[in-house]
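Working notes, structure below.
Which chain is which? They are A, B, C and D, in the order written, and residues in each are numbered from 1.
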Amino acid sequence: MFNKMLIANRGEIAVRVIRACRELGIKTVAVYSEADREGLHVKIADGAICIGPARSSESYLNISSIISSVEVVDADAVHPGYGFMAESAAFAEVCEKCGIRFIGPASSVIRLMGNKIQAKKEAEKARIPVMPWSGCALKDEKDAMEVSKKIGFPLIIKAASGGGGRGMKLVHTQAALGSAFHMAAMEALSAFGDGEVFMERYCERPRHIEIQIMADEHGNVVHLGERECSIQRRHQKIVEEAPSPAVDEKLRHRMGEASIRLAKAIGYTNVGTVEFLVDRQKNFHFMEMNTRVQVEHPVTELVTGVDVVKEQIKIAAGGKLPFRQGDIAMKGHSIECRINAEDPVNFIPSPGRITELRLPGGPGVRVDTAIYCNYTVPSHYDPLLAKLIVHAPTREAAIKKMAGALDEFHVGGIKTNMPLLREIMKDHEFIAGNTDIEFLSRFS
Amino acid sequence: MFNKMLIANRGEIAVRVIRACRELGIKTVAVYSEADREGLHVKIADGAICIGPARSSESYLNISSIISSVEVVDADAVHPGYGFMAESAAFAEVCEKCGIRFIGPASSVIRLMGNKIQAKKEAEKARIPVMPWSGCALKDEKDAMEVSKKIGFPLIIKAASGGGGRGMKLVHTQAALGSAFHMAAMEALSAFGDGEVFMERYCERPRHIEIQIMADEHGNVVHLGERECSIQRRHQKIVEEAPSPAVDEKLRHRMGEASIRLAKAIGYTNVGTVEFLVDRQKNFHFMEMNTRVQVEHPVTELVTGVDVVKEQIKIAAGGKLPFRQGDIAMKGHSIECRINAEDPVNFIPSPGRITELRLPGGPGVRVDTAIYCNYTVPSHYDPLLAKLIVHAPTREAAIKKMAGALDEFHVGGIKTNMPLLREIMKDHEFIAGNTDIEFLSRFS
Amino acid sequence: MDIKDIKALYRFLKTTDIVEFELEDSRGKVKMRLLQAAEGAPETRALPKPSEGGKKEETREELKSNLKTITSPMVGTFYRSSAPEAESFVEAGSEVKTGQVVCIIEAMKIMNEVESEYTGRVVAVLVENGQPVEYGEPLFNIEI
Amino acid sequence: MDIKDIKALYRFLKTTDIVEFELEDSRGKVKMRLLQAAEGAPETRALPKPSEGGKKEETREELKSNLKTITSPMVGTFYRSSAPEAESFVEAGSEVKTGQVVCIIEAMKIMNEVESEYTGRVVAVLVENGQPVEYGEPLFNIEI
């Protein structure tokens, strides 16, 4: 096992990783920007090091600063959390070269899955359904026109180096295709430094359902069932649950097997998530693979009883998975709400000082957070304040528990999206399990 | 099911009951003394009513005030929590007469088990081992002398109406017996209004192990396994766990069966706890029965997955137990620490304003509390601030998780016993599971 | 006079409508001008706040020292007269004497007479007949 | 009444809506008029504290306006000279000029020269040779 871990992240995920390390007997060093001096991760880690000013590009995204910190504090491993460095093949590669264990898959695998064209090709090779698509990057507008005839409308143009929904263009008619292609390519170039785009058939009102996989370095790959993540705003998930109300044992098995096939085909190790779009006929289509721990991993933890982050670290240390597929069962129902510092109506971020705080608790209630009373939420980073996660025997009971926990949760001094989350818990369509990725845009 | 529940308690147990009611769709009304205006139970209940001044005897122990509140708010049930009215046969009886459902067993059963002489007789009738004892109340000093010859020294004199360790006298020699008898009788009279005392053989360095039982009104009685509660200071438990490191499947079965026999023999309904002393040869001896929910019920909830408070309310509403003995299994290990507002060395209570608060969280960590940042802990009531409860696959992992959670738990402005709790988690004897009720007095 | 005294003084001022203040005593002299008088609920108010759930309101009039409040000594139902058809014990404007019965609180089927603690004039009856009251709930304002 | 008292007083006033203030006591007399009252005026507002975990201390001396601090521009290892046997770039007492190299921070095997931002005299070397430093860690005090 590792001796000392540098946690190359901030906020609740840094806290989550520190907790896992502590239970594994690994010493922890937090890194922080000047804006995060009062961060909870700084307070609870065994050590802490300031790595730069508030701007992420000069601190949490500064490879040199982080690698230098690892060397200075003599850590033997680095956990990237999610976001920031978590899917940076460049960072993982530097770690490999410096003999630092990066908690994640090999840099080559991160790079492969980071390119959405390559990822789709790998999925096809592994006999996983994908939406009809261009099969490679679009060469020019003429190429786009040709391919669109084959695919049909509506279709969507995506950046090869994109992800998380950025730089996508939905196209309904051939007339709109030309300018959409050029805009997408331009946006992709400016946002990701890579102008390659591809095209695929647009799946209307699908569910976003993803499979958690775990792969050790001894060839064992297991899936931990699905997470339903359809409730999104601009591709940002805000409510997640496990299991999905749309997935039965048979579909779970098929999606799980497909995910394992992909993981094996690309030599995947560590934890990862295969994201699918599931249409109303319950056909699933590969979307992309996230080569890191997800924000919403707790719902999987609560229904399977597996500590995803601890297992992730154990895998990176060369451990064998302590369970086989047959040992994994989903028990009860879990829901997570992401509580953000933002206006619940117009979604404008609301950083500032938390003057009052009452966290919910009691049976079946878990809070993953890095906030505390009198903490000032900095304006430089994402607005996630806390993940509120509940576990109950049934979906109905879990919704009731979440509604109650949200009512108890009180944050004073800044605005949060809790009013919206409370409304969702009361919504008939949500209660009936009738959600898709357009749920929130229909929501008044 | 009930329509509206009056919660005749305060602090974390009032909050716990409100949460259970909310999930069951029962409206809640909190009661509060003038010192508890800012209590969390007042904030989260659907309604609240002030029942008197700070002194418990004029508020939380004021039967007339509570019954009147039930009538005024038109509640159909009252939950007594633990302490205060929870074991008051008189209160339960008034409820019965007024047609208010008291969440607990019949007043006659509370009265029967409230008398420790009667309780022991019932246990003997149910063929449950008891320590050699006087068999009835001691008539006078001469009677005490006679009985002591039969029982042998050391022995202990206890009040018939006592409980929770108050008014007990340990006697090592015949010479000391006379005055001990008179003192015990006098103390019993002044503390409980009943001078009856009895005598039993003193069990040296036993473990305190208790069995949680649940009995519905249809004759079904199930036990939920044991709790190990040996770590006590002056008979106040501060660390509890389930399962007990001293109990194997066979002993659990025997103690469980004994507890069920007693419950059936006395016509017990609702949740209850049968307390045993277990000696070093693993012989168990009936001590007393608590006819209410226990402070430490969460450890049972976490290992069995049963929501004890919700089931308690469902039983009182006439529901049938939704499980049989064979459905109950203890999974993993759970530990609870009671965090008190007191000096960790001299145990002097430390009420006052909480100026800083950081609660632990993450997987397997549960916090049951009624405190929040800027809350002022009143000086009038017991010093319990929070129950920190963890659940992990093994006892070793649970201890590590608890140690980490205690390290994260930060309360500013008042003193707490957390330094002591942190020491206990590091203690070799504790880690080895070698505890008995004198553990803490040996602890330096 | 140190900063602690000044802070305490300020906290007090913020519970009042004082906007200018001057003090001179053995320890020295202090003078302040405040931008705003306290609104209903100044942040630093030291008096206990009514709970969100409770019905009790701070009676501003208490600040006038000649205005007193009779509060309910118990939880129960408030009655202004001894029987439905009977006359009210007191009305707004009535003169009352210490020890005079002003209302009845019914608790557990028992009618409890509430006596005035003051001699003076009833200026307001704060609860309607037949309404539930909690412990400490203001019932009458009395001008003494 | 010294500058510390006055600062404390001013800090307090900036948490309130007091706009004019006068104090006279055994130590003397002070009078202030503030241009603006604090917004929201939270009495308990705290200035940003240095973290428990970090090493950086508020350098009191910064208050003296002629004392400046050179901080580390990156995480790395602090070296006072270009090679183990070489002389230190600067010592306490050395005169330095803006742009003059004062130390090296090694990060990822690269030696990064740190230049003085000030012209003045080194009054203290705050880190020992070969020690790790974090971003923003004070390295030298310079009197200008």
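Operating definition for what follows: a residue touches a chain if its C-beta (ideal position, glycine included) is under 8 Å from a C-beta of that chain, and two chains touch if they have at least 3 such contacts.
Keep in mind that what you see is a predicted model, and the values were worked out from it rather than measured.
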Intersection of the contact lists for chain A and chain D: none
Intercentroid distance (Cα basis), chain D paired with chain B, Å: 55
Intercentroid distance (Cα basis), chain C paired with chain B, Å: 40
Where chain C and chain D are represented by their mean Cα positions, the distance between them in whole Å: 53
In chain B, residues with contacts to at least two other chains: 43
Multi-partner residues of chain D (at least 2 other chains): 42
Overall pattern in which the protein chains touch one another (line/ring/star/complete/other): ring
Pairwise chain contacts, counting only pairs that touch as defined: A-B, A-D, B-C, C-D
Residues on chain A engaged by chain B in the complex (per definition of touch): 15-16, 19, 22-23, 40, 43-44, 298, 301-302, 305, 307, 356-359, 361-369, 372-374, 393, 397, 400-401, 404, 407-408
Residue numbers on chain C that touch chain D, as the complex places them: 1, 3, 6-7, 10-11, 24, 27-36, 43-44
Parts of chain D lying in touch with chain A, wherever the complex brings them together: 42, 46, 48-54, 56, 74-77, 107-108, 132-137
Sites on chain B touched by chain C in the complex: 30, 32, 34, 37-39, 42-43, 45, 47-53, 59, 64-65, 67-69, 71-73, 98
Contact footprint of chain C on chain D as seen in their complex: 5, 8-9, 12, 16-26, 29, 37, 41-43
